[in-house]
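As structure tokens, here come the structures.
There are two complexes below, and they share subunit A, which is joined by subunit B in the first and by subunit C in the second.
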Partner chain A sequence: MIPPQRRRRPAGPEEDPPPEPCGKNPQRLYVLTGAADHGERAELDLVTLIVARADPPAAAQPEQAAVLRLCANPLSVAELSAYLNLPYSVVTVLLTELLTAGLVQARAPIVRQALPDRSLLEAVMHGLQRL
Partner chain B sequence: MDFKGSDTITGPRTEDHLPHTAQAAVKIVVVGGFGVGKTTMVGSVSEIRPLTTEETMTQAGVGVDDDYGSRSKTATTVAMDFGRISITDQLVLYLFGTPGQERFWFLWNGLFEGALGAVVLVDTRRLEVSFEVMDRLEERGVPFIVAVNTFPDGPRYPLDDLRSALDLGPDIPVVECDARRRASSRDVLMTLMRFLHSLATTGALT
Partner chain C sequence: MVSVQSPPDRRELPYARVLLLPALVMAAATGAAAALVAEPARAAVGWCGAVATLLVVATTAEAVRRGRALRDLRAEHRRRTAYLERRIAAHDEEMERLADEIMPHAVYRVQCGNSPGEVMHRLGEIHPSCDELPEAQLSLLGTVLDIVDREEAKRDAAQRSFVNIARRVQAIVHQQANELQEMEEDHGRNPEVFDDLLRIDHGTALIGRLADSISVLGGGRPSRNWPEPVPLFSVLRGAMSRILEYRRIELHSIAQVNIDGNSVEPIIHAAAELLDNATRYSPPQTKVHVTAVEVQTGVAIEIEDAGAGLIPEARARAEGMLERAMNGGDVGDLGESPRLGLAVVGRLCTTYKMQVSLRASAYGGVRAVLVVPSAMTTDEPASSFAHGIGATASPRADLGALEGPKRTPKKRRPTSPRITAPLSLEDDVREVTEWTAGGLPQRRSRVKVPLSQRIAEQTAIERAEREGRPTVWSAPRPEPEPEPDKEPEPGLWVEAFMNGLKGNPDPAALTQPTTEPARVEADDEGDLK
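Moving on, here comes the complex of A and B:
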């Protein structure tokens, strides 16, 4: 039996613009967020760890109070979205407000580097080996 | 929006709390077509019950700001399952099971860009589904390995035939796995990590 065949594209020149994210799709897709969509958004990743710096102030909105309660211990933005049952984009808007107010701290993830940190990769391997 | 107020929110169980020493997280993406076993793989290695983050989108040509509830509007909800593995007191690994269709990837900003690498889960019953995924990862410079899930009703190919069918370079690992088994899924992740480590050693990563 012969499997279907893929053809790898030759690696193009560096200056090639990245393809339109939705190039294959005639209709662009848009994220639904609330009114705050046009405002500034903090640099947040799915795995940025969020930690509360204070108890919810009396004036806090229920969503904000819920975030602060959930983040008594560090929690990723993805986990917040899951526990709050809110879309990721909405959670980033909430967190931007809380960061601006100084009510939470954000611990940035370690992202892939052109020159990867071998000790980081080794740490992950050791962690996996213990599973 | 289905926010129900903070009283009804169930947070992580006490035993699922990360320690205060947790400083940073890394992520790995498991990507593949419908029903290929992404959620199964994430769940089999995760220390927490797999969670789901959702995103809702509408299509172009329709105002996003006006008339939220209009029936005429096509809103699609895309879900992504993920799990977590604590590496040390300071470091946490997150695993995301991501749909193969690239048009959904932008919903989670930086999902692939910051990832250490990716596991492309391949179903031999629908091999073509993974072609597109691999094209996109190559374009984005995301290092990946290929894990072949063996389903009882799927055709079995020798791994070397699969490698040439997928037009992969000789250095890219292709492994078989059973995503339902923790040890097997863990081995897949170890294979990815060893591959990333070899790239770091040879400086081949751009």
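Moving on, here comes the complex of A and C:
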């Protein structure tokens, strides 16, 4: 039997518009946060410092492995968010999982205002000694 | 040819021989009678006998002639009957050929896209005997082909409209997905808003997959196009992000392969449908395991669930559905409660030369294996490994694509980090510039002009006043220009009113020009945590 020779109808201009270009990455953010239950985030601030305590395990997500690699030296949450190009809320979810697994350690930032100025303390000390 | 004629010897029998016997018998009888009767009657008997003989001969001759005519007629009749039977048989055969060979092939050709006229014109290619088809059959064939063609055109139009509608839905969904992504970036600092956005995003992705499925079943091309190669890991995550229960999917060792940008969408869609099947037909507390290994012909993506498995009947049905879809099934075949998944996978596999098989899993469930041909993979480096790390790709401009809703770019109110008061990053060292003799810090007055200069100025002014000269103070202050009666922008008073109601009156609300990018309370979002 002779195979059919041509396609059905000549394709009209309205048929099959070219595919729509879209973003560069097919994955959506909720896939990253999905494993964790929503609404449970560790108390992390933008300036909380994160330090890795272990090498990334083999089964880690690429993002978590990246966090652990980046955090070999202390790094703030804001910096992590910027380097990973992920929103803060996603980073906190990732970090919450890592904290739960004990792979990273969070350290609250030292607030300058909470500590009195050293020169002031010295001056007070001198003044008291003069009394 | 069947011989229905009489044997020729009987036919060749001449009349003389046939007539001889009765003539002789009659003649003998007449002779005998004439001999037997008395003398005076002999002449009469002889005459009678002669007449009778003649009559008998004539009768016999007539009978023989009629008999022969009858025989000829009968032979002729048999010949005609045989001829007609042959004709009928030939007609039957012709009809059978028309029904069994010509019509199906002609209809097939029309269904494959040839126009009815062309098919009629080239009937000889189907069967050499088609050229001498009778008029009536030709016209019958033509009518049937016309009807088939019309129905095909109708079905095509229906499918195109399906695809068209699906495209519109897709365009809106893509637009929405893009906007949601922007919003997710904007509100990334506010976990409550962010989580809600993610849920909307998920729902949108589900709608998008349904629209994609309709489009695929209608024969449309994939709606999305990734400009750059994408790693298989991201592709599978993209597939995860389009199903309802993505939390149950676990990606294990995924081969480090990059997928060509044009092939990303079909793989995502096929994998999403298989993942959806896997999660749907397995207990909700079980996980679905996904691995991807490189094989000879490409990459094999294995999806294993821990469900009840396929009984042979269900497996036969599933494979039949795949088979039918691979052979170009119809949207109409899906039935009343369509299970789109396998049909979509079958379609995609046919179009993109992927292979899919359903087997029993070691976990007791189903193991679906999707083999992606190596033609769909690429050696080019992908722009990113995981989400957004190092991503620099920009969407490719592709003119003529169906556009989503046109909206003016939203004036973003990013909940950018506003540093709260107790967390100042600046060095807030108190300004200590002077020390008392005792070593205690001396606060300076905030006025920057030195005291000596201020005293000198004061004395100069006093002297000038005494001498009657105009001073800085006596000079009439220029009356401020009456401000043009500036109508506050509509709506601002509402805001002020609402601010007043909320109990934190914002004194700047009325005077603040509208160039301010965001209202004050917009920044509150970021400080919830």
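A few points about this structure:
Basically, the second predicted complex is superposed on the first by the 71 of 131 C-alpha atoms of A that agree within 3 Å, B and C clash if a C-alpha of one lies under 4 Å from a C-alpha of the other, contacts with A are read in each partner's own complex, and residues count from 1 in each chain.
Basically, a contact is a pair of C-beta atoms (placed from the backbone, for glycine too) under 8 Å apart; a residue touches a chain by one contact, two chains touch by 3 or more.
Just so it is clear, the model here is predicted, and its values are computed rather than measured.
In the superposed model, A:115 makes contact with subunit B only, not with subunit C. Shared-chain residue A:75: touches subunit B; no touch with subunit C.
Contact with both subunit B and subunit C is seen for A:66 once the two complexes are overlaid on the shared chain. Once the two complexes are laid over each other on the shared chain, residue contacts for A:90 go to subunit B and to subunit C alike. By the touch criterion defined above, A:47 lies against subunit B and subunit C together after alignment on the C-alpha atoms of chain A.
In the superposition on chain A, contact is made by A:127 with both subunit B and subunit C. With the contact threshold set out at the top, residues 1-9, 18-19, 21-22, 24-25, 27-32, 34-35, 45-47, 62-63, 66, 78, 81, 84-90, 109, 111-112, 114, 117, 120, 123-124, 126-127 of subunit A are in contact with subunit B in one structure and with subunit C in the other.
The touching residues of subunit B, counted against subunit A in their complex, run 1-6, 9-12, 17-20, 22-27, 45, 51-61, 64-65, 68, 75-76, 82, 84-88, 91-94, 96, 102-103, 105-111, 113-117, 124, 127-128, 131, 134-135, 138-140, 142-143, 155, 157, 161-162, 165-168, 182, 186, 189-190, 193-194, 196-197, 199-201, 203, 205-206. Contact residues on subunit A toward subunit B in their complex (touch as defined above): 1-9, 11, 18-19, 21-22, 24-25, 27-32, 34-35, 37, 45-49, 51, 62-63, 65-66, 69-70, 73-76, 78-79, 81-90, 107-112, 114-118, 120-129, 131.
Of all residues in subunit C, those touching subunit A in their complex are 105, 108-109, 112-114, 125, 152-153, 156, 160, 163-164, 167, 170-171, 174, 177-178, 181, 184-185, 187-191, 194-195, 198-199, 201-202, 205, 220-228, 230, 233-235, 237-238, 240-241, 246-247, 252, 264-265, 268, 383-389, 391, 393-398, 400-402, 417, 422-425, 427-430, 432, 435, 438-441, 529. Per the touch definition, subunit A reaches subunit C in the complex via residues 1-9, 14-35, 38-39, 41, 43-47, 59, 61-63, 66, 78, 81, 84-90, 92, 109, 111-114, 117, 119-120, 123-124, 126-127, 130.
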